[in-house]
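Pasting a structure here, questions to come.
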Amino acid sequence: MLELILETLIKAAIIVGLPLGSIPIILVVERRGAGFMQKRLGPNRVGPFGLMQPLADVFKFLFKEEVEPSHVRPFFYTIAPLIALVVAVMPLAVIPVAAPFDFNGKTIFPEVFHTDLGIFFAFAVSALGSYGILVAGWASNNKFSMLGALRACAQMVSYELSLTTAIVAMIFLYGSNDIHSIVAEQTGYWFGFLPKWGFFVQPVAAVLFLVGIFAESNRLPFDLAEGESELVAGYHIEYSSIKFAIFFMAEYVHMLVLSGLFIILFFGGYSLLPGMELLVGDSALMLTIMQVLSFIIKISLMVWFFVWVRWTLPRFRYDQLMMLGWERLLPLGIFNLIITVLVVHFRNH
Amino acid sequence: MHLTYLANIGHYIPEMLLVVLMVGLIILEATYKESEKNRPYFYITTYIGLAATFIALLVNLKALPLTIFTNSMTIDPFSTLMKMIMVLGTFGAVYLSKINRDIYDSLKSEYVIISVGVLIGGMILASANNMLMLYIGIETLSILSYVLASLSKNNDRSSEAGLKYVLYGGISAGIMLFGMSHIFGIVGTIQFSEMITVLPTLEAWKIAVIMPSFLLFFVGIGYKIACVPFHMWSPDVYEGSPLPVTAFFSIVPKIAGIAVLVRVTMMFFGHTGPMQIGWIGLLSIISALTMTVGNVSAINQKSVKRMLAYSSISHAGVMMAGLVVLSEIGVRSIVFYGITYLFMTVAAFYILGIVQDKYNNDHFERFTGLIYRYPMMAIMMTIVMFSLTGIPPFSGFVAKFNILYALISKKHFALAIILGFNSIVSAYYYLKIVRLMILKKQESDETISHFGFLNQMIITAMTVPVIFLGIFWERVMMLAQGANIFIK
Amino acid sequence: MMFVDVLLTVLTVAFALLTVFSKKTVISAFALLMTLVCIGGIYYQLGSVFLSAIQVLVNAGAVAILFVFVMMLIDLEKYPNNTERSKIKLIITVLTSLVSLGVLALIINNNIDTITVVNLSDSSMKALFDRLFTQYYIPFELATVLLLAAVVAVVVIANNNKQHPGKE
């Protein structure tokens, strides 16, 4: 019993602490990357190449005066950022960073919460993601916040549908919810050089999923929730200093979680990048370390992709967004699902 | 398992036909441009589909009774007869919607599609052999009916009717589910056939717990039939809905609800014991109250539609009275009553629809002096009204007579006397129309347009069974006699 | 692990009571959400893993969002909940609650052996789907038809694109 608690705590510290701790790095990448794409320098004063900028930001948020407006609803105003953060962090519980390995004779699953559900748990819990924004917008007692919150909530609910069709198609293809078996199916190569990644098997589902995760994490081109030019700052107008920081942390963690899920389903998860087997040799410890490293590299590339898209594409208008979600992506997703089911059925018989 | 399913589908053809019809109608409707008023192919497809369903049901009538889909649905003569009544009712309601002005041109096809959906729900309900199928049937019936009730979008009464129906239906469905979950907790199974073997063997404390649960379960069914403590939604909903919808509601959900009530009663309360005494007592009281409340409330009505709504409540009460006897005679009389009730109701609503279209309201006074301008229509209306009251030689009399016979043969004298009194009271408001039509001079010289030969023929065609069943009722009675409920 | 069971049950009842008795409608909506999430937790404790995920995904993540959405859009401060107090209502409420609790206790007592016998050694999802796709297949498909019909019905009601004749 005590062992179980200790093991879970260690895993939680790593698997949850690492993303939370990498938020400053993502911040730097985003701001410098933004500058790079807009042909200007980003923040480069604080520390070498501006690498200490997030530290400065953290200090600012911690020590800034906490303005508590008098017209907000007291309980929900305080709790909204916490809801956003908790719901964003929860799916991390089922994301494994490496294959199960032996330690002192016991098999250890390198995920915090090992369950039958596997990947389904992550999606079930991220369905609750709209509540943080909704409560924030409503508790601010401000028409602009309310508008931003309602738009964000409608957007998240709509894109959840096409996201779910893509996920179900992939789960059907791999035949199991368990993340380890999903990744195991994606190890290996076709024709000797093409990795067996899900992206090459189901490009349609991959594109659907990609669009879906941009919408779920409220990142451009789907960020009308905080449409800076229209709604001032959307649902977090009334929030200042640390609560605002928590919202941003929640958004980045959500982005990381969703990229993690994308990588697991479509890019092989923690399976080794091509060329890395040479480094592994025979030892199991090296294998685990290399798997963790592959995972981190893939997620970093995905995060860079997020930043890249943010500073390239313009924002969608609300009705365009709704039309895209319901009239284009959802039928495409259902069609893809039907084709997948037929192919799997005939493959098995 | 797959082969059994394929074999089972062969027996399930009527419902499959209806599902295919519904989907086909949706696709067909999408091909029409919005400005097209007439949609001939649409209606022809509907009629053909409904006729095919009827024929498939006729074929099923000859087939042996059996349970399909792992015991979740029964196909037996009783359910097939009830389904045939429902299909004919839908046929009449669809034609009524085509010519009536209450359904807007832009919504005529939606009406048909949703009606077919309600019919599917009714057919599921009539064959249910399983608590789950019963609930799915009731929910399909109800959810689509909510929309039908509020189909006149520019009319406030229609939206009010829909809203009242939704609220009432939602709560009743919740209560019924609560009762069903308690029954499941005590008995341990949802299959009706398994419950029959378990129910006689329950201990006393379990019976004390299960009786109120059956009462809660009855709430859902009673709400569908609109019997007395659960009838408050019925007049407002029937009055607010467009006329074809009211005609549809008077037939299909009621017959489906009666079918499932008959099945539940005959199955679970067939063995003597405290449960039977309790249930039969409950049914008798509710039936007596329903007949009385329906009749007495109809006396004061100024609007014919509302009067017909209250009278349909009392007819449902009469059918429940036939159930109290718990035997073959009772079921036979209920089925016969259902058949005659179908024809009388469709004819009455059709004539009312024509009058309402012209005058834009349905007060009693609009029928004044109808016999001088349209003798055919007036005579048909008179026949239908006489039949509804229960005056010989029309079919309404035969139907009520059968129920009375069933009641008296099992010595339920009090209920028989109440039934007789209620028939007398109902004579007042049914014959009020007849009096206005025949004995009063007409208000003005207006004529009803579009009332040509075709409509007159259709009215006659609808009224002929009313007379015919009243005189030559032995053949149909033999058909109803064969309506066995299959218990397995 | 009894502690988690008891905690979840107490939380569910507390949130359910809050839903019914709270004076502000938005708090009722949020308490309903928390009740649904806690019921998902109870499903997990009873061993049905898939059902708990579906409960959170569908009930708490879609249905309750709609509730909260509507509560937020309508300014309900003008229509406070009914605060009528009456002794007779209180007495009847308490009596009915006690009777229902007694009935529930009897029923659960009746079934307690079956609950502990169910052995979900292999995946509970497999056990669920074995039953769902063989024995209860037809209710499953008919529920699909029902959902399709309900979608059609809702679109009919909510459709503003068609021209209707003028108001009567």
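Here the chain labels run A, B and C in written order, and each chain numbers its own residues starting at 1.
To be clear about the criterion, a residue touches a chain if its C-beta (ideal position, glycine included) is under 8 Å from a C-beta of that chain, and two chains touch if they have at least 3 such contacts.
Since the structure is predicted, the reported quantities are computational estimates derived from the model, not experimental observations.
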item	value
Partner chains shared by chain A and chain C (touch criterion as defined above)	none
By mean Cα position, the chain sitting nearest the middle	C
Distance from chain C to chain A - Cα centre to Cα centre, in angstrom	29
Centre distance in Å when chain A and chain B are each reduced to the mean of their C-alpha atoms	54
Whole-Å gap between the CA centroids of chain B and chain C	32
Complex interface listing, chain C residues touching chain B	103, 106-108, 110-111, 114, 134-139, 142-143, 145-146, 149-150, 152-154, 156-157, 162-168
Partner chain C, residues of chain A touching it in the complex	115-117, 120-121, 123-125, 127-128, 130-131, 134-135, 138, 146, 150, 153, 157, 160, 177
Sites on chain C touched by chain A in the complex	26, 30, 33, 37, 49-50, 53-54, 56-57, 60-62, 65, 68-69, 72-73, 123-125
Touch list for chain B against partner chain C, complex	1, 5, 19, 22, 26, 34, 69-70, 72-73, 104-107, 110, 113-114, 117, 120-121, 124, 130, 132-133, 136, 139-140, 143-144, 146-147, 150-151, 153-155, 162, 182, 185-186, 188, 205-206, 209, 212
